[in-house]
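Both of the next two complexes hold chain A, though its partner changes from chain B to chain C.
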Partner chain A sequence: MRFINRHPGEGGRWLLSLLPLVLLLLVYGVASSLRLAENADDKLLPSAAQMVDAVKQMAFTEDERTGEILLWSDTAASLKRLFMGIGIAAMAGLCLGIAAGSFATLGATLSPLLAVLSMVPPLAILPILFIVFGLDELSKVMLIVIGIAPVLSRDLEHRAREIPVEVLVKAQTLGANSWTVVLRVVLPQLLSRLFVALRLMLGAAWLFLISAEAISATSGLGYRIFLVRRYMSMDIILPYVAWITLLAWAMDHALKVLNRRCFPWSEGAAR
Partner chain B sequence: MISRRILAAATLCLAALWGLPASAAQKSDFSICWTIYAGWMPWDYVQAKGIVARWAKKYGITIRVTQLNDYVESLNQYTAGKFDGCTMTNMDALTVPAAGGVDSTALITGSYSNGNDGIVLKGTGKTLNDLKGQNVHLVQFSVSHYLLARALDTAGLRERDLKVVNTSDADIVGAFATPKVQAVVTWNPQLTTVAATSVSTKVFDSSKVPGEIIDLLVVNTATLKDNPALGKALTGAWYEVMATMRAREKDALTHMAKASGTDLAGYEAQLATTAMMYTPAEALAFVTSPRLPETMKRVSQFSFDKKLLGEGARSADAIGVAFPGGAVIGNARNTRLRFDASFLQLAVDGKL
Partner chain C sequence: MSFIQVRNVWQRYGDQVVLEGLNLSVAEGEFCTLVGASGCGKSTFLRLLLGQELPSKGQLLLQGKPLAAEPDASRGVVFQRYSVFPHLSVLDNVAIGLELPCAPLLGRLFGARKRAAREAAAHMLQRVGLGHSMGKYPSQLSGGMQQRLAIAQALIVRPRMLLLDEPFGALDPGIRKDMHALLLELWRETRLTVFMVTHDLSEGFRLGTRLLVFDKVRADPQAPQAYGARITYDIPLNPGRASAAEAVASLPLQPAARALPPGRSRDLRVGP
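Moving on to the complex of A and B:
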């Protein structure tokens, strides 16, 4: 049978999907024990036991100085920034996308502006952001907003343009004015698309969050990683990275489920 | 077929992950890394002018001197075994390689900060007591943090009297330009820029605690022991450049100034706050002085208080630091940082 026509069975699929992960862990385990055999205090590739100890310290023991459990206070601080950033960016992206995509007059101004803005790398203009938004929570949230809102709005603008003209005309022959068309035709279609776009932008949002926390902060997941990086505590960094991956995956999954619940037609229409 | 390919890929990954732990054996090729700082610019000069190559050739070895852009990354690369030696401060030598189990030797004690690190507050006529209740921006767990702790000691304050905000050294100038940031601790060249912006007061600097923030070239102890040629070549090359710097040779200084992104005047201003030890005799006197163990004791205590000596550390004495003549502070059975005088002595005696 040709390779292209070969399909793995149920068990085979599981095996194949787990294979790379198992291999990675195996490679890590061997490399780690080799390094630790040479130097028991090596910090680059800590053993599983060392990471468990670090997790115990970070996730289940109160910090002596602040009396907080560091992993949870870091997670709370980061998620608050992330949710605010994503929330504001989603609102802004939706409004701008609808305005630019549904009204040619507004689009004439907004489209080129958004196209240019989405190309500006926010991390390169950090000092300006500092002056405008300060160094506190606001600047961290704004970095996420500035990082993802223009791309979100550009995506939504294109989706708005893809709505068939017939639908818009039909709504108008039924007596809808501009406002009603936006509210009853464009918005519902775009809301579903917003969920999809947000899922794709989650990675970027995390990236901007971690960068913002690396620059100046007193708590947060990115703050902790960059702080302990100073003395190479990979035993803390690796569990934190795993935790961030888990959180990001959970958010992605939640958005997917939410999209299916709120807009069951969206995926049905696609396939 | 496929399994063989997987095996090959796995081997490749393994090799990449494993890296090249500095093998303690006789070898002939060495690499040293350094980062930009006033007291380390000679490393650029020795490489660019072929001075280190000449000295290495004399002892039948080759030495590659590489500049890295990120200081913390250079520490990590050295600790992970990618380099045989690296430039770093005495505190970082204790908390990164030594705490990471890499036995390291301070081969060249090149200079100490004599005003290169400072605490700056906005406003005129401010004193250390004005730090109370402030948000103080600095790179946490760095020498800035140590300087702050020393400054607070002298003013009878404690760290809980203020709030430390971890701020990247690359962004500290931008941070100080924002209205809300009132206090920063940083090093040069940022310190000069920060002290010059708006109306500000430098309330404390490292010249008040001279000789405590020391800039070293640290080399893997096992590598050095098996290859004394490395120590001889590096020491020889270093003091050859020091002689030209001491004579204030314009060409050499201009080269270093350019490489550090400033001009001759700017670089000389930075050197004015860096106490360079231009002769091996000065460095020898410094590393054999009884003040050095006292300084390292303070640094160990600070590092332990901040939990930088590792999870296993039960006290500030967890890691032994050895000094010329055999004196050791801390746990002698766990000596991981050694100040060396043997190569300096050779240089003083003119035997290199």
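Moving on to the complex of A and C:
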């Protein structure tokens, strides 16, 4: 049978999806034990046992200086910034996207503006944010907002334009005014698209969060990683990266499930 | 006085003339079917009637007054596709037509008024044969059922005229026949003025009380866009049906029935 016509069974699919992960762990394990055999103090590729010790230290033991459990306080600080940034960006993106996509008059002003703004590299204006909003939480939240809101609003603007004109005309023949067309026809359809767009922007949101924390913060997952880098503590960095990945994946999955629950009619919910 | 009057209407896009010198007078309660070759301006004419476009020249009058320049609740419409709201259940797709005119701020009703709207919508859905799928979403319906829904949705606001743009163009012949029967029944009951664009000549002849043929009278082979279409044939059809509709319309009860406020369920008995 040709390769193109071959489909793995249920078990085969699991096996194939786990294969790269297992291989990766295997290569790491071998490389780590080889390096450690040569030099027991090597810090570059810590063994599993060393990482478990580090996780115990970070996630289950109170820090001597602050009395906090560092992993959890870092996670709380980071997630608070992330959720605030994503929440504000989603609201702004939704409003701007609907305004630019549904009303040609507003779109004439907003579309070019958003097109230009979304091209500004957010990290390039991070210094400006630090100067304007100070080194506190606000500038980190604003970096996430400025980083993802223009892209979100442009995406939603295009989605709003994709709504067939027939649907908008139909709503008007049923007695809707401009505002109620938006409220009952455009907004519900775009909410589902917002979830899809947010899932795609999650990676960028994390990128901006970690960047801002790396440069100026006193807590947070990104702050911790860049702090312990000074001591080459790969045994802490690697579990932290795994934890961030897990958090990001969980948020992506939650958005997917929510979309399917809230908008069962949407084709975007299936993806 | 005629119900709808079209006076010397032209429609141009750039230097392309689509319609030229259209004159037409339609009485209330007529069922006009519009036929003609592709691209000869039938759908353009329907969009003019709907208010989705403005004519380049000329006037469209409804009972002597110019038609509103944007779509409104006086003109119901069913398109070939995208006629229903994909994000609303079948029941809400119809109920929204009772909610929107009454709630200019929130676009929805609450409490007893919401229940009343849903009841009226359910009644209408029973009438078009969708009583058993009120909780479904449009994507779960077949093409024919979606068009039934679109018709129910258009009729619930009680428009003064119904505009149909190839509503059955994508349906199987068998389903199409059922839809014809339903449409004629509804037309008899509501005595609406109907304009229906169709590609199917036999459909045009079977349904209408008046068949309007759109075609180009003049053609310049060097400049095919220079001349637009006119109504070349205006054929009265099904005289029995037309006069029956007139007789029903002249009954004294009828204007009162039309004057009922929206939101109250309409009496939907099958007409004579």
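Keep this in mind: the second predicted complex is superposed on the first by the 267 of 271 C-alpha atoms of A that agree within 3 Å, B and C clash if a C-alpha of one lies under 4 Å from a C-alpha of the other, contacts with A are read in each partner's own complex, and residues count from 1 in each chain.
We adopt the following convention: contacts are C-beta pairs under 8 Å (C-beta built on N, C-alpha and C of every residue); 3 or more make two chains touch, one makes a residue touch a chain.
Just so you know, these numbers come straight off a predicted model, no measurement behind them.
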Fit-or-clash call for chain B and chain C when the two complexes are aligned on chain A: fit
Touched partner set for A:245, first chain B, second chain C, both or neither: neither
More chain A residues in contact [chain B versus chain C]: B
Touched partner set for A:130, first chain B, second chain C, both or neither: first
Lowest C-alpha to C-alpha distance for chain C against chain B (Å): 44
Where chain A meets both chain C and chain B, residue numbers: none
Residues of chain A that touch chain B when the two form their complex: 23-24, 26-28, 30-31, 34-35, 38-45, 53-54, 57, 65, 126-127, 130-131, 134-136, 214-218, 223, 226-227, 229-232, 235
Contacting residues of chain A [partner chain C, same complex]: 164, 166-167, 169-177, 179-180, 183-185, 188-189, 192, 263-266
Sites on chain B touched by chain A in the complex: 6, 10, 13-14, 17-19, 21, 72, 75-76, 79-80, 95-96, 99-102, 137, 139-142, 160, 163-168, 171, 174-175, 177-181, 308, 310-312
Complex contacts: residues of chain C adjacent to chain A: 50, 52, 70-73, 75-77, 79, 81-87, 96-97, 100-101, 103-108, 137-139, 150, 153-154, 156-157, 159
